[in-house]
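Below are two complexes that have subunit A in common, paired first with subunit B and then with subunit C.
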Partner chain A sequence: MEISCKDPVILNQWHPVSSLDVLTMDTVENTILLESKISFQLNSKEEVTAWLSLDDEKTLLPTRISYGFIWVSLGNPPKDLFLFPEFSESDRQNVATGVFGVNVSAGRTVENFLDMGHFPYVHSGILGEEPHTEVKEYDVEISEERDEVLATSCKFYQPQAAVNSNEGMDVDYIYRVPHINCALLYKTSPVDDARLDVIIIFVQPMGEEWVRAHTGMCLIDDESTAEQIRQFQQTIFGQDKPILENQYPKQLPLDSRIETPIRADKSAIAYRRWLSQKGLQYGVIPSAI
Partner chain B sequence: MIELYDYELSGNCYKIRLMLSFLKLDYVSKKVEFHPGKEHKSEKFLEINPLGQLPVLSDTNLVLRDAQAILVYLARKYDKKNIWCPIDDPEKLGLIAQWLSFGDLITGSSSAARLHDTLFYTEFDIGECRERAHAQFRILDEHLFFQEQLNQSWICDGEKPTIADIACFPYIALSEEGGISRMSYPAIRRWMDRFKRIDGFIVMPGVFPAGPRSF
Partner chain C sequence: MLNDLKKIWHPIASSAEVQKRHVFHAQLLGREYAVWRADDGNVNVWENRCLHRGVRLTIGINEGTELRCQYHGWRYANRTAGCTYIPAHPADAPARTICNNTYPVKEAMGMVWSGEEAFAEPVHFKNFEKYTVLRPIPINGNFNIIREMLSAKYRLLGHTTRDEVNGVLKVILKNGEVILFFVQPQDSNLSVLRGVVNQKYSDSERVLFLRAQNRILQSLRNDIEVLSKKRQIDPMIVQIAQVSSELSKMPQKKDIGRQAVLRVQVAEKKKTAKDIVSIKLVSLRDQLPTFQPGAHIDLHLQNGLIRQYSLVNGPGETNFYNIGVKLDALSTGGSEYLHKDIREGDVLACSVPRNNFPLRRDSLKTIFVAGGIGLTPLLSMAQSLDVMNLNYEFHYFVQNEDHIAFSSILKKLKKTPLVHQGLSPKLTKKKLNEILLYHNNSMNLYVCGPGPMLETTRQVAAELDWPDNSVHFEYFKNSNVIDDSSSFKIELARSALSLKVQSGQSVLEVLRANGLDLPSSCEQGACGTCKVSVVDGAIDHQDVYLNESEKLKGNVMMTCVSRALSKRLILDI
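Moving on, here comes the complex of A and B:
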């Protein structure tokens, strides 16, 4: 079976293909990963099998179940996936908030997720509000040890930070990008200001300019129903979608000089540099050296 | 009390939210989780609408499905000024009904393309959906162009917009989510801009407010 994608950097990753909550045991599901049709099936709560749909031999692909999602690789994936310890904290509510197809590259999707500057305009009245439009200074590092991009000390005023907020508040943010197509956002919980809610976006590249964006939340909130949480997140993501689809070029330029520094802010620059260091080619416009 | 069985990302539900906002009516939004819950196909919802479709409106003893039917009802019942759906002129009423039905045709093309690209309704033939949408957009673009030549701003003649404009707006405004560009339809783009400036206009995810006036 021929796989059309040839970029080893992306082939050797774990890729999210479905949240567990929507799957029925022993039912074959089909999806697309890096332009290849794949099929998978949940055999038990701990075991899943996956194969290239057009492969008569049905050679099994590497799979794993982590953080409420099925992950598949078309190459030789690392032994471990990034760490996400909050997922297993017993007092948290983990909700998969839905998967959406977007006509854009994975890199653009992750980058938009890191950008606080769009809150007051795109999520007006919820995650931001004029005149509170300033993105205050924050710190970004590429952690060698954890191999991830980390943005800390981010602050933003939000009229409705989460489904259970009843007033505007200054929210602290931390962003983690521990995987080329996955990002986690940690923000002050409206019920306990010593702890952080987590919002995740795990992107499945179907093609270079077409993705499935899997979204989810890991919240300290035992009052909102899963359905209310999903609704909130769908509103937010529905607002982001047209912004993403109007990005030009649709693939992510890794040379930050191609775009103005306002759009490509500090965390975006670090993210692009990190992808560049990894030598990623798929879905990006590599920087000329 | 008016109740709307409602899903935030649905363009057909948005038609009704627009009408309710234009008429400044209070209502209760009863959320039905279309995605990922498929609640519109649940047994409980099929009792409300056996077609398993949103929106549905309930008002005192009436339960009404189909966005266009609901627009007619709300306009006739609550629009005291008789603007959104005038019935004194049979020709105009006929034309309104014609474009209401056109609005539903756009659901079958542009909305289907959006469901394919966004929510993975892979049973739709995406190329064919987009082609049909373009054919429909061309018809509307031409119609609106000739309306403008006659100093008419809306789909049906008259000073004010009608429910025909409401029925056509959402899935045109959301078309790019189904990969259908509006680049070649300048009269549609101007009409959308006028529509967004109607008093009481509201947005939904994927639809933006009017930009600053360009002159």
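Moving on, here comes the complex of A and C:
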């Protein structure tokens, strides 16, 4: 059975294909991963099997269930997936907030998730508001030990930062990119300012310019219903989607001569460099050198 | 063949399609263009991609003078396509060189023309002083097929056709009227058929004529699309236009030296107030570079003097530079020369605009305090806040009514300027106390005026606890007497050089003498252009550009006048 994607860097990753909450036991589901049609099934013992849909022999693909999602690989994936300890904290509400099909590369989707500068323009009145447009200095590192991009001390002005407040204030953010197509955002909880809510985006590359973005939240808030949390995320992503689909080129440029970064894009610059170092070819315009 | 097609002019839109405040999406030879008309009538043809993160500019906002990107609010000026504001960094002036890719543009015969590498003039067709533009017909077909079938179709109907240069088809109708047809190749299998007839009709005739042509062209389109389905050609490959290497990484490149790279002509000189003339300068050759509010130019006068003048221009006014010149009673030859000797039509040299007085646009309220001719940079700033609908107060201190300059621009401001006339120094101070009394963290103050008034304003602001970094000022000149008696060593951290500055020499002069070309402008410690970072050593600040807290920090200096208190300075160059 031929797989058209030939880039080992992307083939050997774990890829999210579905959140658990939308699956019916023992029903075969079909999706696309790296241009290959794949099928998968969850049984009543919470075991998952997956195979290439057009493979008559149904050779099983590596699978795992982690953080509320089913993950599949078309190559030889690492033994472990990145760490996300907050997912298992007992007082948190884990909500899968929906999957969004977007006509753009996975890299562009992750980069948009890391970007604060667009809040006042794309998420006006929710995550930002003019004229509070400044992206203050923040820190970025590529952690070799954990093999992830980490942006800390990020601050951005948010109107109505807390439910009970009419005034805007700076909100603190931490961003983690522990997987080439997955990112986590940590943000002060409006309920308990000593703890952090987590917002996740796990991107499933269907093709080089076509993805499904799986989103979720891991919140301390026990007042909002899952429905309200989903509604919020649908609004935010609905605002991002038309921007993402109007980016040209659709693939993420790792070649620095295509776009113009500014200091606010430090995390994106680090992300692109990290992808370059990994030798990723799929869904990116590789560096000219 | 593709290269030949790139070199000729193609119609890419009807003039009527490029409506006020609209951004039109055009395509030519595979490349997408954002076509937009500014309120002054100028049509811009830019690559359809913001250079920051690639978002299509056709989903951006045409604000009449600037185009705003939808993603991060970057603003690009009419004509130059230069970036004038990056909201994520409100305290910085964007590098003048951040510029979207622009393409040649002409408007003629009711159509907008462009070409990726078009040069010279578009072909001129005689007897088209009067014309009517046909409805553009988009066709799923290759431009060569369309040309052939178009000619055959009109001949079949008994008209005469003739091939003209650059693939233009001329159709001479039986009644003698002439239609020119142009096939705009959008991509290999996608074209727009555009036509124009050399006749202007009455309304009813026009409808009849257009309907008749439309019927012919619609049936032609059906025939072409049937045929083209069988003859699909590979899509064109578009090279992504590159950004310059210095833009692909930060920090940005700086202008070098005190150079006058532009040749400008005095297009208009008129008195705007007592002892103040307004001078409009236009380019002799190329497009003038982008400016930002607060920017100044160095004007190199024919008598050898170099003087700095702030631009008064509003956003998008990119086809001239407007300055105001006050006749200085103690003129050493600069203002006197501009007042008495310069005439309309004279040619001068000037530098590109530099902005060391950038305007933050993230304040909830901005207070402008202008004194006399210090009005000029603040007027440019207020016009910029107007297009963004941001709140401000504009205070203008003058001797009397005769001294009010640029009143036509002042009248157009959305917030009526508050003019304070004939106040004594004591009353000026009292008024400033009233103006600056209330402030909060999201307010900024911009002051420009004569030295004593500026000092008073800064003093009042400090007494009222305005934070230093919210008070922005620009001096016309440094009236301090420069003490250049010290001698000391400078070490250049990045160039690994050790140099000696003798008494009577400036750091800037020593750097230049050793082949390090630093940008500079006023060379008297007022404008901030020659600023460098200092890694170590105690600085003897003699400029009027830095504020007190910046001076105390001791990590930057003006190399034209400031010196060392310690035996050596380590500079970050």
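The working rule: the second predicted complex is superposed on the first by the 274 of 289 C-alpha atoms of A that agree within 3 Å, B and C clash if a C-alpha of one lies under 4 Å from a C-alpha of the other, contacts with A are read in each partner's own complex, and residues count from 1 in each chain.
Criterion: a residue touches a chain if its C-beta (ideal position, glycine included) is under 8 Å from a C-beta of that chain, and two chains touch if they have at least 3 such contacts.
All figures in this text were calculated on a predicted structure; none of them were measured in a lab.
Judged by the touch definition given at the top, the superposed model places A:272 against neither subunit B nor subunit C.
Contacts of A:238 after superposition on the shared chain: subunit B is touched, whereas subunit C is not. Once chain A of one complex is fitted onto chain A of the other, the partner contacts of A:176 are absent, as it touches neither subunit B nor subunit C.
Here subunit B and subunit C are compared by how many residues of subunit A each touches, and C touches more. Of the two partner chains placed around the shared chain by superposition, subunit C is the only one that A:134 touches, whereas subunit B remains out of contact. Contact with subunit C, but none with subunit B, is seen for A:120 once the two complexes are overlaid on the shared chain.
When both complexes are overlaid on chain A, the residue A:99 reaches subunit B alone and has no touch with subunit C.
Of the residues of subunit A, those at positions 242, 246 touch subunit B in one of the two structures and subunit C in the other. Taken together, the subunit C residues at the contact with subunit A in this complex read 32, 48-49, 51-56, 59, 70-73, 86-91, 98, 240, 242-243, 245, 247-250, 361-364, 388, 390, 442.
On the side of subunit B, the complex with subunit A involves touching residues 8-9, 31, 33, 35-37, 117-120, 176-177, 179, 204-206, 208.
Those residues of subunit A whose C-beta lies close enough to touch subunit B in the complex are 22, 96, 98-103, 210, 212, 227, 230-231, 234-235, 237-239, 241-242, 245-246. Of all the residues in subunit A, the ones that touch subunit C in their complex are 111, 117-118, 120-122, 130-135, 242-243, 246-249, 253, 256-264, 285.
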